[in-house]
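Questions regarding the structure given below will be posed in turn.
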Amino acid sequence: MGLLRYTIRRLLQLIPVLFGIVTLTFVMMHALPGDPVRLWLGTEPGQELADELIEAHGFDRPMHEQYVDYLVRLAQGDLGHSFVYNRPVVDLMWERMEPTLVVMGLSYLVALPVALGLGIYGAARHNRAGDHVSRFAGLAGISTPNFWLALMMIYMFSYNFGLLPATGYTSPFVDPVEAAVLLIMPVLTLATAQTALLMRMTRSSMIEEMREDYVETARAYGIPERKILLRHSFRNALLPLVTIVGLQVSTLLGGSVIVEEIFAIPGLGRLFFDSVIEQDYSVAVGVTLFFSTLFLIGVVLTDIAYAYIDPRIKYD
Amino acid sequence: MTDNLNQSHLDRRRFVKSMAAAGSVGLFAGCVGSDPEESEDGGVFVIATTDEVETFDPRQNQLAWYSSAAHYLFDSLLLQSPDGSEFEPHLAVDHPEEIDETTYVVEIRDDVEFHDDWGQLTAEDVEYSINWVLDPDNASPNQSNVAYIDEAEATGEFEVTLHLEYPSGLMDRSLAHMNAAPIVCKEAAEEMGDEEFGQNPVGSGPFKLENHDPSSSVELVANADYFLGEPILEGLEYRIIPEAEVGYVNLAQGDLHQSGVTEELLGEAEEDDDIDTYQLSNMDFQGFILNSLEGPFTDVRAREAVHHLIDYDEVLDAAAGSLAGRNWGHMPQETVDAWDFPADEWEENYYPEQDHDRAVELFEEAGVGTDFEVDLVMTAGEANEGRSLVLQNEFEEVGIDCDIREISTGDWLEALNQADYDITTYGWGGNDDPDGYYYHMFRDLQNDEGGMDDDVVGHSSIGYLYEGSRERGDDDVLEDLDRLDDLVREAQATVAQEERREYYVEAAEIVLSLYPVIGVYSAESVTGVHTNVQNYEPSEFGEQEAFNHWQEASIDE
Amino acid sequence: MSGEGVPANDAEFHDEGGVLETLTKLRHSPTSLAGLLIIFALVLMALFSAVDNFVFDRAIITWLHADPHAMDQSMRYDDPSWEHPMGTDRYGRDMLSRVIYGSRTALTIGIVAVGISFVGGVIIGAVSAFFGGYVDDFLMRSVEILYAIPGLVLAIIFMAIFGPSIYNLFIAYGIVGIPAYARVMRSEALSIRDRQYVEAAKLAGLPRRTILFREIVPNGIAPVVVQATLSMGGVIIGAAALSFLGFGVQPPTPDWGRMLSDGRTAMVVAWWVAVFPGIMIFITVMGFNMLGDGLRDVMDPKMTVEATPYDDWNIDEWKEKQRAATTESDLAPDTPTTRADGSGPQEGDRS
Amino acid sequence: MSLLEVENLRTYFFTPAGIVQAVDGVSFEVDAGESLGIVGESGAGKSVAVKSIMGLIRDPGRIVEGSVRFDGRELTELSEAELRREIRGNEISIVFQDAMSALNPVFTVGSQLEEVIVENTDRSPSAARERAIELLDDVGIPNPDRRIDEYPHQYSGGMQQRAMIAMALACDPRLIIADEPTTALDVTIQAGILELFDEIQETHDTSIVYVTHDLGVVREVCDRVSVMYLGRVVESAPYEELYRYPKHPYTQSLLNSVVTPDEILDEINPIGGTMPSAVSPPSGCRFRTRCPEAVEECVHVTPRARQVGDSHTAACLLYDESNSHEEPTLREITNQTND
């Protein structure tokens, strides 16, 4: 009840932010230099042809008109028409949504348990050798550029050892085995920094929680250390973690541009990159909007999870 | 290079890409791939390509690799032989028959069926396909490639009459290529509309579209009812892999059968026993343009000076390494050879030895001295970067400051429009006909029908030379330029090769002596093919290479 | 250890001295020291290349090793050797010299972009918290909008609009970073806003601007500094990623991201072209992260600096020492050592 | 034999800033059914001392010397696991100062109580729940069957402390350590809690060690009092004796600062100056830097506990007739505090 109302309220609060994002991306895209028509036509378009195309796509109209038009269509769920593909943007995005979400989801799936495990281990062994090692590994993880990691992995595992295919994508819903083989490197690329970051977060909030009074209470009442760690502290340490997990959606989506480009994964990141290069306005705006929405939904989910984990927070 | 069309219109993607990575990215398709699982028959030939297909409609396509792939889905009236020497009848029963200078009749085969029960291919489909491209309302990027045709008319069930605007030496070429006159199924195209037809192409080629995973792969399956017989191959699959190097890794691993090989990887590929490499000309021209409208290079002596500044071989080396050859006369060496142009003479007269002193002298004569800054503009890409870096070094050696600006393609086109550069990297992809270079690069756009807007000088390479000369009232040069414009237009509307050759020789003399362009090299690209692909040899010209009149590829597991 | 008997030196940054004090505390954290060392070395490298480049026109590095811009096609992709310890690149340029020169670009991008984010974030955050109401709402919503677009995506759009150049790279990453700083600053400022000294300043009739920038900002800046150190690495990686994707620094300026991008085409034949710049990025980012980590630990009162590990203590030995030193009759060592190493000066007032 | 005997306990914290001698040679005893108050300013080492009993000192702290005997067992020699299974919760339990933070905010009061019960007894979860409701009822929480499922933050401060006490009672321990249990509470609520402690002591015959900085509170619940200053016990006596005849200058100033016995001061700071750091405590008598009676001698001599009355000891040179520098034996100290 309260939860539902809270969720709806949070979702409604997103509207002005989304509106701002639409405006911002729209303005930015239209500020791109060059004329998409001319870019599309190459070096020597006949003027007539260029004029026609410009008119057909409404590029000759004042920007505020185009903007209002865009908003109206957006409200109807229409993200516009791709200039390059001559197809609705929604269709293009729909076709490429799965790989992005799968890679992102899997990297969470890999990152979370590893990060939680290592983080809790580090906290439990605070200031001992094991902690130092995992701490250093964490630092190294977030210090490694993901694109470099991707290249090195391809060089090592695909080229040198011939163990893994360098590129491609198969839906895990169609062929899980092949998908697993194909997705190892992309997922690791995305998950490495992710794991490191979450691990550090887990470790530090666990250490912090382990210093809380309730931990001493539990100890004083003979609760086993293991239970204190995994039940009492962990439950509390989850709070900051959940926030980070939500915010990481953004980093992962950014990373998808690079990972999809290198590993030839047919996802939204690549669609975005190509559309920027080709100035396919509506596609670029569409994907940006989708990414932002995904992120904002992640944040709302985070809030809800937060409210669920922490009884002190009320849905109001 | 299968993607070079008739009219050597440089398509957008190819243009973008040739600027980005001229000479190194294996743009065209071609690869055979064996999918071990389903190889009972001829196997599936797997080919790496770098770009996503935007539309399967060849009439709207601008993508280089797809214009080659499209030839598996669609047929053309003629087909160019793998060595480029001749055009064989394909859908046509014979070569077009000349009725008069501007009327040709083409007899077409009566045994061609469209895919998926869309019925027989008839003269109506040919008429529809050609006229559709000609119709300006359809904004087909192929339009200029068939602009010499006024109209196609079905004059019998299997007979088409072509009414020409003017006779053209490029007719055979255009009828053989996807970027000019691909034959589509009229019924299907009309029923579906452009957008849907773009996703569900209906042609008559040896393969048909089986599946398209956007940004991932395009799968074609053999057409059992093809008029030349059923291909041995079970299918073709194009894998879209944006990074050419990664595509090569896949090839080396045996995951696919054909991939472009970058210059860096050439050595590796040649040493690999499982890979056959084919070095093919890109049929292009690469170099720099000098801004003749404003800035330091408005004087012809200043432009000539820059030619003295560089060592051509060094520029070529830095730009493309071993994957390029020098060219003279602003067209590929293949063309020069085929037309027997006087390249030695040109080299002697217009491609001076490196001589910094002479360069400085010329700068002085031109009145600019060495106390100026050069704005060198390039788009991203190794080839552009390499040649720019060399030129920058040469300028600095004679004490001229030179800044490199790397800009996006959009910016670059804008810079060309605005004459916002002193020197810029430039490349132009054409075909083996001089027209592909001379008409497009050297004509006066102001004389085009319809013309350009007044504020657009056009970024064709020497548009600014015309414009600048007019502004400066440089009558001598203008006279030459007028002649140049006449020559390239005449040459296009002439059929006899000998006559055309004379036009081009004269045109070359004019262009070269004005030094508006520094022409350095023609790029080559290498494609690697896995050795288990049999009876398959990629060539510059060949179309439908996995299955055509000359070869039938199969995969030997 | 509920605060009993532990001296209450919790890091409350009420003055510059607090910051300095925490900096001196860093000496207990070996990782921060290592981080500082790395950064120091990089700064030296960067300064050297800046001076060499602009004042001596690369004469020093040419004399010492090799001109980072000199091309030599005959040395194309030469293996690492004594002459070229990191090999050569596609144009036969010496990688070592270029890697050294690349430090300038990397550090400049990091520092300038973070500087932009820092200043922008601090101003927005402080103003937002101080004025509250509509100002706060407006600023925070705007920041949220920026924040909702993935950083790399925003940076790509930005670079596409303004064109690839190092200056645009600064601005792009500067803007991308603002939201994070603004949020940290705002929450700090909110907690400071109601403190007594701010109330006092208000009562004293100081202008709002003065209160904002003299009282609130300096006292809330410490966590923002930590944020800056920690995000420096991210910015350097991000800028390298942009260069990698082709929206980067102008040639021929050596830049690790760009070198890496070049390296990708040669990955198979010349691993060194991609490996060394990658390692440099890694080390640099690592340095900043190590420092940031230490800084955060020191500045966060909840995360006390790592206590001297237990195992390092030989209690019995220490007790023996104490006993031997005791001249008094009691069991208690009344002249305890004050240093963790057990050998420091004694502060007991025995005089 | 006393139920709890603490002898010469030293608990130090090894921090980068130096070694904090939080507890430095403390001894005391508690008999069965007796309640001992430990009084001192914050920073005197009271909490550390009582936590040391249960082995609750964590890194960087460590008991470096001394013994803690509970019912004849040496607790300092027990392993963590033995302490956990055999002592904590079921033999000795502790009530912390700030119940709000001592209770885990994300679990219901009931589940925390039940966990303690299940962990320390062989009750089934459902039996544990019954017991938990019973306990809440015992400590005076209304509607315990409903409130058991509430979270700590839904309780008032007093209720939280009662819940904490319920937890301490959960397994019928023989000793309850109350670490400033009322400090955070309003006066009126304090009284209720103190009554509850009295009641517990009577009904359960439990020993209580009551740590506080508030002499007024001590009177309510304690039979005997030990006064701590900077890690050491300076005076020890039955409450009445101490209240009437304080011997140590520190105790005297403490008592002087209490305006009326029933008035509660938030923080007592009865004497000028602040307590020196436990990292570098003054030589000799630790109180000398603030002591009105300090003499030159105090700098050099560490005073030992001396018998100054019936069951009354004080560690001050004022009461040292012989002024000898002899080292008192441990037995002596124990005896003195013991009577």
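The letters A, B, C and D name the chains in turn, as written, and every chain counts its residues from 1.
Rule of thumb we're sticking to: a contact is a pair of C-beta atoms (placed from the backbone, for glycine too) under 8 Å apart; a residue touches a chain by one contact, two chains touch by 3 or more.
Model, not experiment: these values are computed from the prediction.
**Student:** Which chain pair is joined by more contacting C-beta pairs, A-D or B-C?
**Tutor:** Greater number of contacting C-beta pairs: A-D.
**Student:** Any idea which chain sits dead centre by C-alpha averages?
**Tutor:** Chain nearest the centroid of all protein C-alpha atoms: A.
**Student:** What's the distance between the Cα centroids of subunit C and subunit D, rounded to whole Å?
**Tutor:** Subunit C and subunit D have C-alpha centres separated by 46 Å.
**Student:** Could you please state the distance in Å, as a whole number, between where the Cα atoms of subunit B are centred and where those of subunit C are centred?
**Tutor:** 50
**Student:** Between subunit A and subunit D, what is the separation of their C-alpha centroids in Å?
**Tutor:** Inter-chain centre distance comes to 53 Å.
**Student:** I'd like to verify one number: the distance from the centre of subunit A to the centre of subunit C, where each centre is the average of its C-alpha atoms, in whole angstrom.
**Tutor:** Comparing mean C-alpha positions, subunit C is 25 Å from subunit A.
**Student:** Can you list the residues of subunit C that touch 2 or more other chains?
**Tutor:** Residue numbers touching two or more other chains: 2, 160, 163, 264, 267-268, 307.
**Student:** Which residue numbers or ranges of subunit B touch two or more of the other chains?
**Tutor:** Each of 243, 249, 408, 410-411 in subunit B touches at least two other chains.
**Student:** Among all residues of subunit D, which ones touch two or more of the remaining chains?
**Tutor:** Answer for subunit D, listing residues that touch two or more other chains: 59.
**Student:** In their complex, what parts of subunit A are in touch with subunit B?
**Tutor:** Within the complex, subunit A contacts subunit B at residues 32-36, 38-44, 46-49, 52-53, 84-87, 92, 95-96, 99, 154, 158-159, 162, 165-169, 261-267, 270-271, 274, 277-279.
**Student:** What does subunit C use to touch subunit A in their complex?
**Tutor:** It is residues 2, 31, 141-142, 144-153, 156-158, 160-161, 163, 233-234, 237, 240-241, 244-245, 260, 263-264, 267-268, 271, 274-275, 278, 281-282, 285-286, 289-290, 293, 302-303, 306-307, 309 of subunit C that touch subunit A.
**Student:** Which positions of subunit A touch subunit C when the two form their complex?
**Tutor:** 16-17, 20-21, 24-25, 28-29, 31-33, 127-128, 135-136, 139-140, 142-148, 151-152, 154-155, 159, 204, 207-208, 211, 213, 216, 250-251, 253-255, 257-258, 261, 272-273, 276-277, 284, 288, 291-292, 295-296
**Student:** Help me check something: in the complex, which residues belonging to subunit C touch subunit B?
**Tutor:** 69, 71, 73, 76-77, 90-91, 160, 163-165, 246-248, 250-252, 262, 264-270
**Student:** So in the complex, which bits of subunit B are touching subunit A?
**Tutor:** Result: residues 9-12, 15-16, 52, 54-55, 60, 62, 136-137, 139, 141, 143-144, 194-195, 198-199, 213-217, 239-243, 246-247, 249-250, 252-253, 255, 408-414, 416-417, 440, 445, 448, 450-453, 456, 458-460 of subunit B touch subunit A.
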